[in-house]
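Shared chain: chain A. Partners: chain B in the first complex, chain C in the second.
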Partner chain A sequence: MRATAAHGSPGGRVLSLASVTTFALEGVSSHEVTVEVDVRRGLSAFTLVGLPDRAVRESRERVRAALLNSGLDFPQKRITVNLAPAHVRKEGPSFDLAIAVGVLAASEQVPSEGLTGSPLCGELSLTGEVRRVRGVLAAAVGARGCGYRRLLVPEANAHEAALVGELEVHAIPSLARLADLLHGRWKPERAAARDPVPTDVSEAPDLSDVRGQEDAKRALEIAAAGGHNLLMIGPPGAGKTMLARRLPGLLPPPSLEEALEITQMHSAAGIGDGRLATQRPFRAPHHTVSAQGLVGGGNRPMPGEITLAHRGVLFLDELPEFGRAAVDALRQPLEDGHVTIMRGQRTLDFPANAMVFAACNRCPCARPPDGCSCTASELGRYLRRLSGPLLDRIDLVCQVEQTAALVLVGAGEGGGRSEAACERVNAARGHQRNRLRETSALCNGDMDGRLTRLHVPLKPSLAGQMLAARQRLDLSGRGYDRVLRVARTIADLAGRDELGPSDLDEALSYRLDGLDLLAA
Partner chain B sequence: MSACDSCLRRSLLVGLLARRIAGLLDRPSTRVAGLLALPEAELVRAVVGKRAPRVMEAVDGRDLTVERRGFARRGVMTVCRHAESYPSLLNDLADAPAVLFVVGAASETAARLARLGDEPAVAIVGTRSASSYGREVAHSLGRGLGAAGVPVISGLALGIDATAHRGCLAGGGMPVGVLACGPDVAYPRRHRALHRKVCEEGLVMSELPPGTQPFRWSFPARNRIMAGLAQITVVVEAADPSGSLITSDFARELGRTVGAVPGHITSRVARGTNGLLRDGAVPVTCAEDVLDELFGAGARRVPPPAPAARAAPADPLLRRVLDAAERHQLVAAIAADAGTTIPAARAALGRLEAEGYVARRELGGWERTLGTGPVLGAAYPGEP
Partner chain C sequence: MVGSDPRRAVGAAGERLARAHLEARGLTVLDTNFRTRHGELDIVAADERCLVFCEVKTRVGSRAELGPFAAIGPRKQRRLRLLAREWLAEHGAATPWRPELRFDALGIELDECGRLLRMDHLEGAF
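Presenting the complex of A and B:
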């Protein structure tokens, strides 16, 4: 913050100028905003420029009351506040603190030296207390990105901002304390991050809770190991949701950087408690969700479900019931790993790198086959809603059934626990990282057609096998690539460097193509 | 070759009344068969009542020469019941159509019609929501009969009908499509490509003039023509009640043979066929069963390559899994039965499918096939 006072300038006017840095949330990230405050003699007025929205405009009343109630002075002068860059729309109350400090500095009530290079953000209450704001983590990440070392945030948000280890974060309880700090009368301690969300192993959903369904568990393990999107087909109550809830636990735990990303998305959306996420997110939007709710957007752009599921799992139960527009909107994020939203003159980018776990019934009535009364055209309509761009991104398909009979037959033990599967998944991911280290892909599921053919070379004998299968089964080009990707993951799970014929065979059995979905 | 004036006039009248008849049939008391058998004047009175004179006027106003020219332009041939090429079997019907509107390969149509009149033909009908088992059987029957030179009559509907025709085409036979709309109208639209292919290789016919859209009453009406044209009507899969059973009822009334393919007793679409078997229909398990019934036991065979079951695979695990797939449909159950792990069972199933021994049902689940190769799904480029 700089404050310049120029007494006796031309015309004998007294004028004073201060500028304060803050970070404004936009989407899930933040950008730097400079708050310039100009205080000069004249009729008492307070003008706010730089595309402020209603909440920002109202900050004038909060700032005035907070200053007066903190025993500070609100100058009866002509005050002009500019929020730069002026062409970006400013939203929300997080500018309050910066504006108040700007007024203090410009009217020379506080020295500004102590604050050089320390951005701040916070909402003011009329009493002068500093209230919590949304997306402080994004502000902290932004501040780090802009090279700042220090950040002043509301006390209630301090632990969240402190997740960004490189920043010295100070918790500001009230405007009066901030003035003390600027005067050097108060030395706040560096805020510490709270302990991460504890992971209670006994509480976490475990694979052994699911009785039987060994086939589905195998598919789940392959999906987790290769980051493949998955479609499960089966009647209600067969355990599709139960299986889906166990997928995040099968994935390797998020790295620190990933955890920070996850927490940042949630912080920007105003969910979570500001502690570091240690689990991958699991989002299960209802099928009535709009395209905007799924991929984000809106007048004030909010992240959608796919962004909230970033680095985790997006579960789409009853896939055919989702709106066509909503499902189609998923195509771009699933291909690129992020959502691009155009808004006014700005383009927002939401990270959206999630695995999709989709589930559907065999027919719209969802009754067992002998009680099903669906007509051919109803079934056709139901399944046609399935087909489309999303199915192009689904690598594995697997059928689940009611388990009662299977459990009775002999799967008495609950099957393997998650830990064993986790270890296999981790090892398989390790092989993939090794192989794909020079590419943008993190796992086999991320490979596009070119990468697939580059990293899954086929021996002549296997090429012959695939050629025969391709002709016989009428595989499309993309379907062919999907089989190769899944086969690669199956080999990775088994720790094999070289693809075997059985890997290809097993991958073929999971393919979506050729399921005569629309055969008539 | 063209229909005589009085027959053509009657057919145009039926076409004109089609929409009216649809309204009439909302009252279930009126029967199609009786209605279409009525003489012209009574038919009109029964359908439109007081407005009969206006309808008669409209029909009288049509210039038959112009109409004929229009049909010729659309590639539609008209055959009336007084023509020599009119399939004589149809005359068994009390309400035989006055005119058949026929579409086919221009140069071949007459010869094919003659063949349909001279040689015994088989109708293969069934449900639109067929199981993959039903489709496989329909395809195999169509193919065997087609290869043995027997015309296969069906309705070009979804499910069994279309699959039987695809089989017939695959066997190099002559498919005969009987439609519930004008012969040039591809209904359902999804079968446009199949409609075209059947026109090229066989015949598509209807009693309704070209361009007429289908009505609910015209489906059972079409079924009577299918039953009338065929020596044997084979029902592959049918719920009860269903349109396929209407066809077999017509066949029975005409004194023709009815065959039925046995199905799972638990399956909804086997209820109709199993019921037919109980009532004395001929059990049909392969094309040869139908040929025996038509020509006498062993008189005509399906020429090789016969769609006979293939030898089991050599690999013992593949054989065990294939056996298990006969008893179970889900991978977990198949693996348990074959005494192997899930991944191994998956790999075996993938291999067996690629080699044509098993097929996946609509939405997952595995089934052993006859081993005649992948027969299901779209067969021609352009078919969705």
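Presenting the complex of A and C:
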């Protein structure tokens, strides 16, 4: 109507405006972007403004072809597309669908009323199909946060977005179907989340597979119970890696909120199949990983391994072989539970609350002690690579010895099963949840200094013990707090409300080990 | 005056129609077919407020999917601006001053007998 009326008007300018909402992935979360499309009479032109990157600028070609191949019209007019807020850099192809729909609405091929209140995202193929995009879960969480009730996403991602329960998610197979939807000719079903992958308990590695190593298993259990960082030092083949693989099985399954967080991180990084995570992640980056790979970053900031291990375990095998820069970059996330990355005009925050399980050999040649040919200086150099500040952030240091031959060849079970340990861990975590229920911390390992002093009060006799230990071990303030947290976890495992001297002794023994070794 | 080249004849017919259209809209045609080594300005016209450089594109039949305007791409637009500068350098002093300057595009479709099927006039096309 409007288009024909203005056609012969003296001004000769037909203008029509549409605005569509979409959500853009930024880091691992998303923010709202308004796509404004203005179509007016003039020589055919397509201008895209609002800091688009290359992939966004290329969307013009995809939008044009997709519209024409869907039996819709790409107007031969002057089209201006603005992506607001204009100061934020726009990346990736997920704006395609919003731009195409904006063009359709501005050229009055679809009614624009259907667009208010339902954000959409998706990449277009030249045929007009809607392709899957990265980070749909983050978009869904963002849409919920902004108060939207409905979200239109690619069919391939719909079950992922549907994990956010309060949102009515519709799966869009193609641009033509979306036009049908806006015309009211098609009423799509509300998309449902896929059932989580069932966890096969019998397949999971069990603690009883590891023979001997009772001390190490105890340390592992404490680490799992309190969410503490752990370093195991021992000869190759002693079972360090085996123990590490069994750590996720000891941890309690993630709560729904935690599972959503885990899935959101993986969705933003483009891994996983869009089902809700039922297991905590276990990430074992190779020791050649760069600092950026470990903590995230890059020109287009991507989450690093520690963010992918969020709410799970980051396993650093051969810790001294890791680059100095990479290991040092871990300091801040280990302390704060998140990574802050600054790139030009923006600051990104990646959650990075993972347990760190590190393993290393006693010496660079990695032969048993009697066959070791390392010189003292080689040994010193190797151990100095375990940067002091990082070691200070590790709560438990545990030495692993070669298992005696008799234990290895012995028949039968190799000791306690994961199930039993898991029960003890769960009970201990229960005590912690109770104690920390009004704070943001989930376990003892999450407590900051203030919470530690509040929840781990020391009787005068214990305070004396700690004072002596502090002088003997030359504990830093941070190390002191960490000892208290580990002691708290040990008491939780034993079901004691009050800290005993033995808890403190055991906690201190896991520091002693580390410092002995460095002094040697 | 029909030339031997049928394409040129179509162009000339279109430009005549365009000129008639502009004059009917109250513009005065100042110059036609202004030629330099860079190319040609089809029509230079003016009213009291505006100096108008017109590019006329004529097609026979409506077979061309994109219409006549598809031929006016960014490179052509640059060349037309250059030609406008050259025209002003040559005739600017002799032309009464107008506050605005505009580039228009006229797309004309003719049938095989040279009858007008459709005319699109984009004011301020670029």
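Keep this in mind: the second predicted complex is superposed on the first by the 470 of 520 C-alpha atoms of A that agree within 3 Å, B and C clash if a C-alpha of one lies under 4 Å from a C-alpha of the other, contacts with A are read in each partner's own complex, and residues count from 1 in each chain.
By our rule, contacts are C-beta pairs under 8 Å (C-beta built on N, C-alpha and C of every residue); 3 or more make two chains touch, one makes a residue touch a chain.
Since we're looking at a predicted model, the values are computed, not measured.
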item	value
Touched partner set for A:S44, first chain B, second chain C, both or neither	second
Which of chain B and chain C A:A427 touches, first, second, both or neither	neither
First (chain B), second (chain C), both or neither touched by A:Q76	second
Residues of chain A touched, compared between chain B and chain C (which is higher)	B
Partner chain in contact with A:C365 - chain B first, chain C second, else both or neither	neither
Which of chain B and chain C A:C398 touches, first, second, both or neither	first
Touching both chain C and chain B, counted on chain A across the two superposed complexes	none
For the chain C and chain A complex, residues of the former touching the latter	66-67, 69-70, 72, 77, 105, 121-126
Chain A residues within the chain C interface of the complex	11-13, 41-45, 76
Chain A residues within the chain B interface of the complex	212-215, 218, 233-234, 362, 369-370, 372, 374-376, 379, 383, 397-399, 401, 406, 409-411, 465, 468-469, 472-474, 490, 502-510, 514-520
Sites on chain B touched by chain A in the complex	127-129, 132, 135, 158-159, 162, 188, 190-191, 266-268, 330-333, 335-336, 342-344, 346-351, 353-356, 360, 362-365, 373-374, 376-378, 384
